[in-house]
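Mind having a look at this structure? Questions to follow.
The chains carry the letters A, B, C and D, assigned in the order they are written, with residues numbered from 1 in each.
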Amino acid sequence: MTVTDISQRKRFLAEDNIYLPHIVVIEKIIDESPGVGTFHFNFKDEKLRKEFSFEAGQFAELSVFGVGEATFCITSSPTRSDHLECAVNRVGAVTNALHRLGVGAEMGFRGPFGNSFPLELMEGKNLVFVGGGIGLAPLRSLIWYAIDNRDKYKNIDIIYGARSPADLSFKYDLESWGKDKTVNMVTTVDKGDKSWKGREGFVPTVLEQAAPSAKDAVAIVCGPPVMIRFTFPVLEKLGFTPEQMITTLEKRMKCGVGKCGRCNIGNLYVCRDGPVFSYAQIKNFISSEY
Amino acid sequence: MANKKIDKKNISKLLKKWSQEFSVFVPSLENNEAIMAEWDGKDISFLDWYRNTVKPPKANFLPLMEKLFSFKKRKGNYQIEVPPADKSKQLIFGIRPCDARALTILDMTFTDAYEDPYYLARRRNTVLVGMTCTDPYDSCFCTSLEGSPSDAANVDLMLTDIGDSFLMEAVTDKGKKLIASASELKDATSADESKATEVKDAAASKITRKIDARDIDKKLLASFDDKDYWEKVAAKCISCGICTFLCPTCYCFDINDEMVKNQGARFRNWDSCAFPVYTKMPMENPREEKWHRIRQKVCHKYEFYPMNFGVIACTGCGRCIRLCPVNWDITQALNSLPVKV
Amino acid sequence: MSEPQLVGFLCKWCSYAGADLAGTSRKKYPANIRIIKVPCSGRVDPLFILKALRLGFDGVLVSGCHPGECHYQTGNYRARRRIAITKKFLKYMGIEPQRLQASWVSASEGGKFAEVVTEVTKDLKEVGPNQLFTDERQGNGTKAA
Amino acid sequence: MEQKLRDEAKALLEQGKVDYIIGFEPGSLKFTTTPLITSNPDDIDRLVINPFIVNNLSKFLIEIEGRVGIVAKGCDSRSIVSLIQDNKVNRDKVIILGVPCPGMISLNKVELLAGKSRDEIDDITRDGGKIVITVDGKKKDFPVTEVLYDNCLGCELPTPQEYDVLLGEDSALVTDRAASRKKIEELEAMSPEQRWNFWKEEFSRCIRCYACRNVCPACFCERCFVEEAEPRWISPVPQWQDNLLFQTVRNIHVAGRCTDCGGCERVCPANIPLRALTREMYDIVDDLFHYQAGTDKDASPLLTAYELVETEDTFR
């Protein structure tokens, strides 16, 4: 699913060295949910700040010098590129180090890497977004992109769930999408608390109940691996063909450019041939490997 | 241009001449372990004992560890400095055909889509002087993978031991240039040529280990989900890094930062798909179990690389068989695949 | 000559309290020690000791309750065996023995704690800076162990 | 002895007394053997006992569920006992097929003696105290002690103490304790700086393949400190400082568990004399606490036991 050719991604390599990061400065940090923060940052280099562009679905490698590098999808939309946003879930050495950085701190940035969502395939179609937990981050970039180009797409369904109400990410976006008439959004939580009035249930079951029609629609799925594994069969039952099911996968990555060898599913490298795949592409390797 | 010939006793003169222009690497013994090391200027005893190195010549291009860049932090902002490109011109003397072919296979990954500046700087500054393998190990199986003990395709200059001298076949322009100005050379006679052919055939016939590499990628794809088979094959593996670190066609690496006070550097060092932490993510590890990892190692070389580059990423050098602590043998794993295509 | 840096793993029930007492009763002892509170001297893994030396500290002191007084009954007995083995092995590796020292200091022995830290600091000054993990460790006049 | 093993193993499998048999089968290279882990009675005929069954198979017991019959030499059975002491292996689930060990032949030593590599040697056979090496048809014999592994030369318990079936009479292993400690004596003769610099040189050749740790039955942590990222105890980049720290701590962690089976030194691709560390720790533990790893399955492990008054009290 290489929608963008490689040369587009090489435009912003520092000194033509694929391992060399640019310096970016943190401008704002929003606490989304316990342990998850969205980092707003921008390039220190003026020229890059203006010229940098990417496509929804691409990711970047953020570094905390002295600690290491980690992979983060760019969660802001290409249409709003006065700054960049990445959602950081505090789970490991680098992410913890990132959370210790404050506004104004410097980070390393390599990117944009990976392919992007198949915009041509989606043009003029109904879009069904299925997100789980922090898996909403990559979808968010595409959702805002679709909303900013609303006429290119028919109706937009969003089915998004998280473990608990506190774990719902990007609450402010959920609110504005809820108010947007042209978007039909369903949020659910595995287990609600006192103040939760919305639905309860796992995303795949809620998806089955919402039952969006598969007729010239494209489903874009992202969430924890277990959710993805249970969502594909539901989509198949609703009539989606493997080509209509798009997902963006998460793997351990180090180089981000298909060299260090670890992020493969079968012969495909998630960092370079992905992270966006159609279910058709990874079907024969996904059952036992993913 | 007719092949040349050089007497063994003149080899050190030739190496001395080359040392003016290149840093010359020759097989040497370090604590009884054969590796490629810089020539000390006189010792050519390796001509007697050398069969192949333990650490493959890939280590001269993708070193065990190398500094990608360094960084300094002064009052909150960072300066990044890339070490100057490796300008030193290398000459590797005595590289075996399987290791030379392995470098060509590595080139495919390091030039595919993105170019790796560090690996390619060294690769493009290096001349390979190959040496026909006259004494292959019982673990070698290069003949099963379109290779041979005398395959000169991936070197600049090929030497073949014909008794008290070496036949020299220049393969590339670099190779021709190497021997153009050398005075100690004589023209090879037809007797030398036939002796060389005789030596080459004898070497090839010594190789007894075989695998059937035809459609091996299809067989592997068909048995990809055969959990019982892979569990049986992986049972005795201890998940150490020997077979991958010492494999000439393995290139996986890890990237790690080092920092003391406010100065540090980012390093690249060898990594292995045999290690569980290689693919470990905070929430889960797709290759948690040993049979996942063994399957990945075999399929990467014999199925995924052919799917991506059309060539099997193995040259049959036999190191993984010779050096494995539990004598895990890839040829047995491949020859007993449950699926016949 | 730079002041030696010393890491002290002090068991919180006895030695840490002893160090507190040394402070409150204004016992003088060198400030070279960086104190890390551990639940018990038995908690100290040889990895902590080696990591301290790797980070450049000149010495490590492990201090716990006297045998028989351990809050967890057997913690200090285990520390005793582990430290005995570690000391012998580090000496065999070529690390100056003065770099790892251990002591029993109870909560009431503020004076002893000050003494121990003073003696250990003196030893470390004698043995010189920790060049173990640097590249230029020559024989800097340390006595042959 | 081999036939007795095969009969025992086949019986165990066929009577359903065990789910798996772990033993040795001929390796794919000359003079080598490879571990055989099988539940299929037909594979049993491949089981062998010869002077090249060098691996210590006990670590596989941790990974394999169910009842297991395992071939064990003297040091292997001590490793099993040590694992039982640490509750990593349940004694009732293991049937130990004890092999009185004649001492294992080190191919490195044979290659040095014969001046030939392994695959150029026609035959290596033992008869009594002699080893006969045939190269290009010519036979040369040497005293066995010149080709046995160093750890075999220093072995105190070649006949398994803990077993269900003993497959032969007591072993007549000729030991040479001095030869076994030769490297350690050399190091102890050096000054501390020389010793440290010796290890600095050795560990600057370490490629961090972790074969020494992965082959060692005394090293069984689920998550080793080298794999910790938070905190990062040692750097994954194999610089000599961290390689040396890794080995030093590893040796202290396995104190009282290491049975000197020599596996670490045997597998190291950089030929680092690791036994000069493990054997030293083995002897420290013996000197200080008269403790021999894996000799009493009911004893509590060395570092969890204690005496009210210890011989060695290094606390102030």
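Keep in mind that, in the parts below, a residue touches a chain if its C-beta (ideal position, glycine included) is under 8 Å from a C-beta of that chain, and two chains touch if they have at least 3 such contacts.
Quick caveat: nothing in here was measured; it's all calculated off a predicted structure.
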Q) If you average the C-alpha positions per chain, which one ends up nearest the average over all of them? A) B
Q: Could you work out which chain's C-alpha centre is the most distant one from the centre of subunit D?
A: A
**Q.** Cα-centroid distance, subunit B relative to subunit D, in whole angstrom
**A.** 31
**Q.** Centre-of-Cα separation between subunit C and subunit A, whole angstrom
**A.** 50
Q.
Distance between subunit B and subunit C based on Cα centroids, please, to the nearest Å.
A. 48
**Q.** Euclidean distance of C-alpha centroids - subunit A vs subunit B, Å
**A.** 39
**Q.** Multi-partner residues of subunit C (each touching 2 or more other chains)
**A.** none
Q: Would you pick out the residues of subunit B that each touch at least 2 other chains?
A: 254, 256, 258
Q) Touch graph of the chains shown: is it line, ring, star, complete or other? A) other
**Q.** Contacting residues of subunit C [partner subunit D, same complex]
**A.** 46-47, 50-51, 54, 64, 67-68, 74, 77-78, 80-96, 101-104, 116, 119, 132-133, 137-139, 142, 144-145
Q: Would you mind writing out the residues of subunit D in touch with subunit B in their complex?
A: 27-30, 32-37, 55, 59-60, 63, 108, 117, 119, 202, 205, 207-211, 214-215, 227, 235-239, 263, 266-267, 269-272
Q.
Going by the contact rule set out above, which residues of subunit D touch subunit A in the complex?
A. 229-230, 232
Q: Name, in rising order, each residue of subunit A that touches subunit D in their complex.
A: 92-93, 96
(Q) Quick check on the complex: what are the subunit A residues that touch subunit B? (A) 6, 10, 15-21, 23, 44, 63, 65-69, 91-92, 104-106, 108, 224-225, 250-252, 254-255, 257-264, 266-267, 272, 284-285, 287-290
